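Some structures to go through are shown next.
Shared between the two complexes below is chain A, which has chain B as its partner in the first and chain C in the second.
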Partner chain A sequence: MRNYAKLLEGKYAVVTNGGDPCGCAIVKKLAMHGATVAFGVRDPEIGEKILGEISDLSPESFYLMLSLADSEGIEEFCRKVKECFPLTTVLVNNPYGDIKRTIIESCEEDDRYLLQVNQRSVMQTLRAFYGPMRDNRCGSIINISSNTVFKPVLGNPFLTLSMGTIGGLTRVTAFEGGEFYVRVNEILSGIQPGHSELSPCPLKIEGSHVEGMADLVLFLASDMSSYITGQSFTVDGGARRQLFA
Partner chain B sequence: MDYQRLLAGRSAIVTGGVGSVGRTVALLYARHGANVVVLDEDEVEVEKIVQELRDINQKCSGFAGNLRDPESIVQLCNHAINALGTADILVNAAGTYLSGDAETLEEDDFIAMIDWNVNSTIRFTKAIIPYMCDNRQGDIINITSDLATASLPGTAGIAACAGAVLAFTRSVTMDYIRYRVRANCIVYPLDGIEGRRPLTGAPAPEDVANAALWYACKMSRFIIGDMLPVNGGMDYFAGMRGE
Partner chain C sequence: MRYDKMLQDKHILITAGASQIGKACALLFASHGGIVAIADKDKGAGKDLLHQLKEYHEDSRFYHTDLGCSDSVKDTCDRYLSDFGAPDVWLNCEGLCHPAFIDEQEEAPLREMINLNTLSTFRIMKYLAGPMKEKQGGAIIQMISDYAVTGANGVAAYGATMGGLFAMTNSFAMDYAPYGIRVNSILLGISLSAMGDIIAAETEDEEAEEFWVRTQMIPRRGKVEEVADTALFLASDMGSLITAEGFFVNGGQNSIAHNQHYRWNWGAKA
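Moving on to the complex of A and B:
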């Protein structure tokens, strides 16, 4: 039987935003299952803390300073990771941009920031890592967006706008990558950027919510999901379905 | 969480347990520590899979009966509950496929497909869900065709059945989530139905079984009323078939 306790043994994984509660849980989960993980953080103290927690499980994992608002910084992050990893086979895009302003209150600067953080950053990492995955006919890309795409929140139009594009990008990349065994899937998260709890939902879940998100990332990153691509998974405890009930 | 025994001590009922998918699900569940009961129509085949399951876990068993008859289904469920003591997981994997479009599909064939795919799913759920509600927990996994969301010529009957199963899954979720009973649906391409898809080849029964394991265990505790297509991405790709 497959070793379900080490689903990512020998794999190299990249997580773009490992510093927020969700990203941190994902980094730890991938490392626990045997992956060597490179993750970006905005705060080096958080990076060191996470590294301390996973060093026994995955001694070669490392973090790099990364702001998804800095386009050149993302290019530099990708270049350094590619220098260190022989082949990245798992890419987790975990953008975090959120500005709570209505359409009337917002300005162009807000648009630019959110589109860079939530949308362009995903394009940049895809451009960097998709090619080598395709050439080696092996890879799993997981793009995390927000369930506000389907269940909008008042006063938060730009999160919906910027996250809404990730689904289309996921399906196009899955379309391209399918014949090269590069799988691409999207998670519509009910945990809003920077938070560690789900927004209100019908299912009262015990235990850590971010841990549950990390378990889905693990499933999609591993061969457990080897025939699943181009899909959008909603992780919101049924909140989206309630909209249509 | 012990990832090598994701279902340790849980009780699972698998309908259609002698088919390739049902059988693979039952064996994977048993390897992950579940006490499994398989239900299907062919007594000899049921006995064979029970022997395989008991090599893994002595507490597994199986029963044969008519999966299209309401009374027989109630009896099978009673046997299963007596054997297991309770039911934590129900996998509805029984089903059949007969081709035909709206004009050519024979009435008897359509009724047979409805009985196998839709009615059996509803009847097994109806019989088992009270036990799950009493226990304040349960996981229902309905396995059906990916024609629930994509369309191919000559598949009117199975597409209608798959769509019904998917809608039923979501409805069950909304009605029973207050009892902490989750329902989710796995869709996959049935044997003999060819479609273009980004990932080449066809899914192995293990691919579907891994999805069923995922939905049954705590790894997916956030996810309810959802559909997991194990189909190489065909549901959106089908839109390109006019080329």
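Moving on to the complex of A and C:
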């Protein structure tokens, strides 16, 4: 019988962005379930705070300074994590890029920034961690994107543009990794980057929204979802299907 | 939430739960502290399972029910509501498949599938919705074939009944979301359905094995325990943000072309 209280016992996990409310909840959840977690943050104070909260549960977890806008920084982050971890079996891509400008207001610099943070960063970490997972025939990759891919919001075209490709990338990686027991799934999050609650939705929810998000990441990271790959899960309290508000 | 007792003291009703996926879910839910009641047509299997469930909780129940008969469904719902009140979790595992090409499909088996796959769910929902609304919370999970979304050759009528059930489930979700009731579907792949049993029984091991490799990302047959884990996620507070969603548990079958020759051409297998 599986130990449901320690679903990731002995596993090594990487979370690219542990600095926003969702990323922070995810890091804590994975550590609570026995994983050793390496996570990126832009603010060392937040990194220290998270580390302080999980040090008893997962003493070998650590953070590294990481800006997803810095392509070389991501390569360095991946290299350092691979030096410290014998084998990464869980990878959570949690990009945070969000610029609220209309198409007319936006400039090429915005395009480059968002495509790097939300899209290229995912490709870079996949390149770094997918190979060893495949060689060891074990791994779960979770790419977090935004539910604005299906339910666009006005004045935010670049979030949809940059996140819209993550689903396809998820499915093609899942296809490639399937027979090597590397599972790859996508979460279309209704919690927008930097926020701690879902955008307005029909479901009456009790409890923390970021905890609920972290629980889905835990489910996909663990063997509870061992027959699930190449899928996209919408976490938005039913907002996607709401016809009459 | 205690992750080793995710359904502690929750009242759970599983329709068509005496064997296969329903049974795996019942035993897992009971091991997580749930008080499980089973409704099923198979008296022998139901009683056997009840014996096992009572080891977890003395209040476990078995209701002998013909889900295709509206009187029997009403009787079971009345008895359940009188025994326990509104359920915290209702899991429906009913599903009947008569595969046939559309020009060979007779109307009688089609009607039987509509009755069991679609109408029975509507009837149960009708009886349980009111009390669940009053309770202001709960989780409903429908086991549905992934053909509800993808369609496939030789199962047009079956796919239609499942597609109807999927659409109905999502509408239930919208209707009851303001009351804190989450309604989701698990979309099962062929390897986990009765069709999977037929393929496994009618083909040599090697041939069946080749079929899973050819049609799925994860090249093996699924296990009922893997479905039960997904049901546990959706039934418990782990799935607290999720409603009106379909969870494909099918080894990635829906995300690739059925006739997957290019896996071989591409050379990943070589």
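The criterion applied here is as follows: the second predicted complex is superposed on the first by the 242 of 245 C-alpha atoms of A that agree within 3 Å, B and C clash if a C-alpha of one lies under 4 Å from a C-alpha of the other, contacts with A are read in each partner's own complex, and residues count from 1 in each chain.
Heads up, the rule we're going with is that a residue touches a chain if its C-beta (ideal position, glycine included) is under 8 Å from a C-beta of that chain, and two chains touch if they have at least 3 such contacts.
If you're wondering where the values come from, they're calculated on a predicted model, not measured in any experiment.
When both complexes are superposed on chain A, chain B and chain C clash. In the superposition on chain A, A:Gly178 contacts both chain B and chain C.
In the superposition on chain A, no contact is made by A:Glu108 with either chain B or chain C. Contacts of A:Asn3 after superposition on the shared chain: both chain B and chain C are touched.
In the superposition on chain A, A:Met213 makes contact with both chain B and chain C. When the shared chain is aligned, chain B and chain C each come close enough to touch A:Gln231. Contact with neither chain B nor chain C is seen for A:Glu45 once the two complexes are overlaid on the shared chain.
Common to the chain B and chain C contact sets on chain A are residues 1, 3-5, 7, 33, 171, 174-175, 177-179, 181, 183, 190, 198, 202-205, 207, 209, 212-213, 215-216, 218-219, 224-231, 233-238, 241-242.
Considering their complex, residues 2-4, 6, 31-32, 136-137, 170, 173-174, 177-180, 182, 189, 213, 216-219, 222-223, 226-227, 229-230, 232-233, 237-245, 247-252, 254-256, 268-269 of chain C touch chain A. Touching chain A in their complex are the following residues of chain B: 2-4, 6, 31-32, 170, 173-174, 177-178, 180, 182, 188, 197-200, 203-204, 207, 210-211, 213-214, 218-226, 228-233, 235-237. The part of chain A that touches chain B in the complex is made up of residues 1, 3-5, 7, 33, 171, 174-175, 177-179, 181, 183, 190, 198, 202-205, 207, 209, 212-213, 215-216, 218-219, 224-231, 233-238, 241-242, 245. Interface residues of chain A, counted against chain C in their complex, comprise 1-5, 7, 33, 171, 174-179, 181, 183, 190, 198, 201-207, 209, 211-213, 215-216, 218-219, 223-231, 233-238, 240-243.
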